[in-house]
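Take a look at these structures.
In what follows, chain A forms one complex with chain B and a second complex with chain C.
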Partner chain A sequence: MSTSITSETGEPDSEETVLRERIAENPGPALFWLAGAAVLLALELGRIAGWITGLGSAVGFAVNVIAGIPRWIGGNVADATVPIAEYFVGDALSLLLLFGVASLLVGLAPWSAADRFDFGASPRTMALLERAAVTAVLAALAVLFVFTPVGGLVRTAAAAPFDLLSSLPTITDHEVISNRGHRTPGGGWEGTFLGLSPAVAWGIRVLLVYGYALVLIGWVWKGYEIFRTHYRQADWTPRDDTFDRFRSHYWGLFGLVVVVLFIATALWAPAVSPVPAEENIYSPYSYEVEYLEDGEVATTTIGNANLDTQSDGQNTVGPMSYDEYDRWAPLGTTPNGQDMLTHLAYGAQTSLVIGLLAIGLGGLIAVTMSLLTAYYKGIVDVLTVIASDSIISIPAFLLVMMLSVIFDQGNHVLAEPLNGGVLLGLIFAFVYWPGMWRSIRGPSLQVAEEEWVDAAKSYGQTPANTMRKHMAPYIAGYIMIYGSLLLGGVIIFTAALSFLGLGINAPTPEWGRLVSDGQSFVSTSSWHVATIPGLVIVLVVTAFNALGDGLRDAIDPEAAAGDANTDDTGAAAAGGGG
Partner chain B sequence: MSRWGYFFRRLLLSIPVLFLVMTFIFVLLRMGPVDPVAARLGPEATGAEAARMRERLGLNDPLWEQYVDFVTDFLVLDLGQSWVVYADWEVTTIVMNSGPPTLWLGFWAILLPLFIGIPLGFYAGLRPNSWSDYTASVSGILWQAMPNFWLCIILLAVLRQTQGGGWLGFDWYAFGPEIRSITGTPSLDFLSWSNPFGAVPFPTGIDWSALAVDVKLILPPALVLGSASMAAELRIGRTAILETINSNYVETARAKGLKSRAIVWKHVFRNALIPLVPVITNEAFLLIGGSVIVESIFNINGLGRIFFRAMVQGDLPLAGALLFIFTLIIIFLNIVQDFLYTIIDPRVGYER
Partner chain C sequence: MSQQTIHSDADVSTDSDEDAMISVRNLKTYYDEGGLLGGTPVKAVDDVSFDIRSGETLGLVGESGCGKTTLGRTLLQLEEATAGDVLFDGVDVTKLDGSELQEWRRNAQMVFQDPESSLNDRMTIGEIVREPLDVHDWKTPRERRQRVKELLATVGLQREHYYRYPHQFSGGQRQRISIARTLSLEPDFVVLDEPVSALDVSVQAEIINLLEDLQAEFGLTYLFIAHDLSVVRHICDRVAVMYLGNVMEIGPTEELFANPSNPYTHSLLSAIPEPDPTSDRERITLHGTPPNPRYPPSGCPFSTRCPTRIRPEEFRALDDELWTRLNALKNTLSERKRAELSVRERVRAAVGKDTRFGSIEELYDDLFGDLEVPPDVQSALDEIETHARNRDEDEALAVYHDAFGSVCEAETPEYYSTGDGEHRSYCHRHDEGYRSPGAVLDRRHR
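On to the complex of A and B.
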């Protein structure tokens, strides 16, 4: 866990060993903290293993797509020239890709082979040779994985323990605290947790989920405090002031709380929803529900039951009520008769994946470009200005719409996961990086002029190291501010697209589609279908805006008090459009 | 760099930007995953018919030749024909027909926030940390976070609810000029045109009742479309007032005994307007994006709704051409914004 502390506080690598020694000297507080972490982990081991499996399959998908790019380019080149070119170009590009990965690996590795074997070549050639060697190893591995059964075996072996672990029960499981059961003729409940009514059982489970999330955050904060009091060498760092400023910023704290609730809802979507999405939304005719009818317990498929519990103006299952099949519906049902809260919780998941993908990837591009342009200036800067100006001058919403429709109609591979969600995230990253780059351009140009950057250059630091160690940390804060402000915009845009029937297709739940489904019932008894998702969007977007404001006031107090122009990026980013 | 040097550099930069945008649209339309022939004839089209269509669309020419044709056509605003939505109509004709409702909507969507957002922001800024300030600020923040599509359907439901007398007897249908439906395209025939000065038609008279109907039809969608800008103007107007009110020259004015009314009107307002310039020009972005949704929900047959239909029905040339027009408008507005800045704010160009 020591690594997590260092990465969290952004200590440079060279201090890591020192931190390790400091912990070895006084292991008490660290062990105490680790024990708590172990308890938290044990309680939710199954779910965490499930997340890791999900993450693993996402990484696998990404690797597959990236590995397919050289072949695709090769195919295009072959169409324009001779067919044999496909193999040459494809293989050459694959090697180039692997060389890039190798350079990254060599850069990240703490030691370098070039230092061990010294045979008199210049450092430049040595570095190149080292990378070439790693590339060769990677290429051999890739061939082994693709053309022999080894790949499949390794994949199964790696996934097996996590699959096993993810089947373990956790305290927030439906099996442990069940809210699905039916009334008994005697007036009680059967099949629910301790025979309580489904509403109470569900309430207990939801409280456990948010309680767990809060304790988790408390524990991370505790870890930082332990680090600060016992293991940090400096008594004070500028970051302390940042935290203090944020702690007294109530508007920002409100945003943080709501954002945490949103993320917890997304991560624990199966536990928050009263019925599993698989049974209620994806394949309702493969599962059955038991209920009490005329004093006897009867059985029907969930699909049939859903047909009777539609909220379509004539017939309504409103918020906080039971439907006629003894199912507890905390937020009522949708016009299809499915459970509304299940839709909302899984919709939060969809929004979170899209938002994180968009802001993560877009922010990465923006930071890289801002470092490059601030460091090299000149022609790189002009080219980036032109590229970003071009993307910005195309109306963002229309561009996103067009890209998503074109990829969707072309049945592109990327349009498959999440029924277009991943594709949408990538499109947002492409459309939003220029805006983010513009927002952090000022600060990064300022940093590039600082004396310590000059000093690093004159000490012979490589450009990559100068940018990473001496410039990037100062930009990280700014990208967090704009990322938070933009996330609200991404959520609104996603919802707007699915409201129009584009972007994310059914059955993947999405908030905008709920509003669209319920739009004709707003003035009927089924008002909740369109109203509640809309209010949730307003709340979450406001929270992200508030969090952004809070972060800005904490990280960069002068900008907040000073120039009104800094405001317009944020204001334009988070609002409207959709 | 001098102020005008900065302006001309920006002007020069917009040329490569224009070409890059055209290249991008070309790549999307011709090299993207959608096959134009299949989009036009259906996915099963094969054989002679598909080959003929391929020849007609010029898809057999070398790619660079297609690109040069495409760019020259776009530059002379020969935007081609629609495939599906208005089959075989010229795109320029379609734009001429459906542009006016969008312009009418955009006009009101800019006007309403200007006359609601800025005064509210200034009002809040002049009374900082009072209850009226908090109310205005919080409602601005919430207003900004509301998605347009949701506001649209809630507003529609509320207005429909008033039929036959709602709260306090208010009936939107009977209020002012009579309308049959609260959604629909404004007819915009309130001006009577004649040609007193030769060939160019000139508006000579106004039909006031037709104008009132058009205004009434456009007010709800314009209110929704302008909502985000209204909130932005409120926020920035408030900050701008707070900033100018604490600046040295206002202090000086107060020290020399100027009346507070004179300070506010002569020194505070005019300077507070400067940061609002980019916000107002930036509204074009929001309006163009938002018009798709608002026009679709309010059944206004404008450019946004046509773009949406073109997208849904796979009418790529129409969608591409509309995207190009919108981009042209935005590039033009950016130049206007830089021009305004150069005139209004003498600081621009020295700092950057």
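On to the complex of A and C.
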């Protein structure tokens, strides 16, 4: 039996290849796909570079906040004890932080220095030494960055190419397809794209934005299909079935489409808005608008123009209309006279940042805790239950309001970005992780009892890898579903807070504040101010729920198979006794 | 039958240690519920000692819940031993930790009972079989893939199954995958935890043959945990019989099957269906269920159900049926003793109403109502009844033991060597002065 399959052992193993070699063997499809990707990248290079710059500054902010923690704790300890303690405690905590980062780096690195050198020490000591060495290097770098001009130089050098790139024109730029101009006395338009009317120019740009987003997604999918047909070694994986099931789930597809539109709106907010938020909302008195008045082209500040185009019941600039300054307002104006679509598009950014931060961070905490508590059980579990119950026992609305007021009033550094948007995301993460943890606790306890977890232990797999490879994939589906459902909740919650005048402060655009501002005009000609953002909120939240539904149905069928009954005592069948 | 006592466990170890690969000494594995106040632990494995020799297959049989799986898992350090040693080539592996334990795990692997649950459905067969190699950083990734494919061929699968997923395979094939994973690190010792009990009978034979082939090819040592005695008889060199966390009997397979010593082994073997219709062998039916391993009986663990329990001299002549009833009385009393009465039940008992256990009168009526009870037994029963009615179960049990108890409940037995030196049995009946279990069974059950 053991020698029955020997016919092909003799030949060299041609299938023994890694992806790189398989691509080198048959580069056609891969090159085709890469060429398409390069074209797509080139079209929007400036904007993508802009996103990277934005991401970089967000990471920089996060690093600054985290790096400030040891000093802050040190300061508190110094206040309570002796002043000199500030330096000791602060530096010790900084080193501890760096050690944590070093451990992460060592864990992620594909090779380990400990394998190269052999002092005859035990592997555990070697690993510790390696981490300590990386910590020392990191500490030296940190000192170099903070106390010498090197830091500033490096930062400028790193940012420079992206700054340069982000100034490149893209096909969806206002400069390329402009919808801002003024009528000419002759009846045409001056300053718009090809002399078209602003409405048409804006329409073309918006179509380009969403078209580009769809093509981008289609191209990624195409890439996956090329990989599947040409480069993947398995002819089938469970993921194929998941995709197939999702494809025929129309409610989920509806959710996906709306969510994609929502994300595209947030990412391309400047292109979707008829006017950039900077000019229309943040500093309207620094920019000017040209318009035709009595046959003459006149100029005024945008701020002044806004004052005349308010939608406040008496005066209305409704959807799909021009205001008296010849500005195209696809969704009308706000009670302040600002452009409504600009508010909505940038408000989508705010909602997306808050939602992703809250669900991303909260979900991360929930998954980590559920894996740890399910694997180790015992005291870790009890402590987590106590912590989560303490948070759950306070009404969520009250807790969020309390925390946001405290941080806002204290002018905490976290309350600065997005006028409190980031702070709100963090607060939501803190308030929502216990709920998410509770919902995935059952599945994770169940998967921790599977025999393959025991099997992994029996051949010495580390707990961290066991959790990652053998447990996390089984709860990923659950957390995706709960996350997408909660994301809608977070958007509503944010809107509700802004409606109450808490949450996101002006001038950062936010949907809930639009509803709040427009609620008194619902029965007037300015009905659109509260109604449109309200409908958009409903649509987006519904879409996230639909997407969650679709994901669950696509992932679920395997959950039914996970009914393994693992009993320690080997209860299998009746023995010889009775 | 030559019978001699082996007086201490120290003697046991010197007895047969020469070519032992694994020596288990006084191993105990207790499960705590993790209660803050301690509480009584479940004694899943309770003081077990035996050896496994290099290259042999040791069978471990017993009914469900007797602790055989726990014993196997403890040997592999999947459960923490409460006490005792597991010497693996002279190293006590229960004391290993960290990287030493990690390194040792290469040598000892396990095949799990349920192939549906022991393979991670989200990984390809290749990833599953490769994982132990990855964990131990075995050579280069390319060599690992090569080895996995060879292993798949070795266990009778196709090399191109590497990229398939577990649920594309049948139970028998999945068990082959599981065996391939077990072999990947070239272990010396493999625990087979009921490897075929979840499979179809036709597939069972294939897997058993595969396991035997692999043992011959790679010189493996097996601990074969099973409850299917015919499979055990087929594959094992020696067999250990477990009951309630104790090894009742251990010996060479053929001798143990043909000539069992321990009464528990007798009853276990009598449960094998006999294909011969003219056979006059009678099945020995054990009464009751195994005791709760949290509260094992005093003395011999099998004493509560033993068909050959030693009876006190003066009651030799009593009817077997009456003994059964007496035994039931004792078990009920022990249960009542352990049961916590709620406040409500205490009140009900105080005002003379029935508790959930019913009254002693009813119990007596149930047990002895339809039997002739000799006067000397009756007087003891009356005394027990008096104490029991006063809810003084301790005293009632003391009276019971005075009257009907014997060495079986009073003392833990020794391991007696029966047959050639390797065959050992855990029963008082092998002592001089008692008749052997076989003889007693012949008298009581034939």
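As a convention for this text, the second predicted complex is superposed on the first by the 539 of 578 C-alpha atoms of A that agree within 3 Å, B and C clash if a C-alpha of one lies under 4 Å from a C-alpha of the other, contacts with A are read in each partner's own complex, and residues count from 1 in each chain.
We adopt the following convention: a contact is a pair of C-beta atoms (placed from the backbone, for glycine too) under 8 Å apart; a residue touches a chain by one contact, two chains touch by 3 or more.
Treat the numbers as computed from the prediction; the structure is a model and nothing was measured.
Chemist: Regarding the shared-chain residue A:A496, is it in contact with chain B (first), chain C (second), both, or neither?
Modeler: In the superposition, A:A496 contacts chain B only.
Chemist: Based on the superposed arrangement, let me know which partner A:A396 touches: chain B (first), chain C (second), both, or neither?
Modeler: Only chain B; A:A396 stays clear of chain C.
Chemist: State whether A:D235 touches chain B only (first), chain C only (second), both chains, or neither.
Modeler: Second partner only, chain C.
Chemist: Give one of first, second, both or neither to describe whether A:E25 is in contact with chain B, with chain C, with both, or with none.
Modeler: Neither partner.
Chemist: Touching A:E296, do we find chain B (first), chain C (second), both, or neither?
Modeler: Touch status of A:E296: no partner.
Chemist: Answer with first, second, both or neither: which of chain B and chain C does A:K457 touch in the superposed model?
Modeler: The second partner, chain C, only.
Chemist: Identify the partner contact of A:E175: answer first if only chain B is touched, second if only chain C is, both if each is, neither if none is.
Modeler: After superposing on A, A:E175 lies clear of both chain B and chain C.
Chemist: Could you give the residue numbers on chain A that contact chain B in one complex and chain C in the other?
Modeler: In chain A, positions 564-565, 568, 571-572, 574-578 sit in both the chain B and chain C interfaces.
Chemist: Under the stated contact criterion, what part of chain A meets chain C in this complex?
Modeler: Residues in contact with chain C: 1-2, 4-6, 8-9, 13, 15-16, 122-124, 233-238, 378, 450-452, 454-462, 465, 469-470, 473-474, 558, 561, 564-566, 568-578.
Chemist: Quick check: in the complex, which residue numbers of chain C touch chain A?
Modeler: 34, 44, 61-70, 73, 76, 78-79, 98-99, 101-102, 105-106, 108-110, 112-114, 116-124, 131-132, 135-136, 142, 145-146, 149-150, 153-160, 162-165, 167-168, 178, 181, 185, 193-194, 197-198, 206, 209-210, 213-214, 217, 225, 227, 229, 267-272, 285-290, 305
Chemist: Considering only the defined contacts, which chain A positions touch chain B in the complex?
Modeler: Residues 80, 385-387, 389-390, 393-399, 401-403, 405-407, 409-412, 488, 492, 495-496, 499-502, 512, 515-516, 519, 522-523, 530-531, 533-534, 537-539, 541-542, 545-546, 564-565, 567-568, 571-572, 574-578.
Chemist: Under the stated contact criterion, what part of chain B meets chain A in this complex?
Modeler: So the residues of chain B touching chain A come out as 13-14, 16-17, 20-21, 24, 28, 32-34, 39, 63, 141-142, 144-150, 153-154, 156-157, 160-161, 227-229, 231-232, 235-236, 239-240, 243, 275, 278-279, 282, 285-286, 288-290, 292-293, 296, 307-308, 311-312, 314, 316, 319-320, 322-323, 326-327, 330-331, 334.
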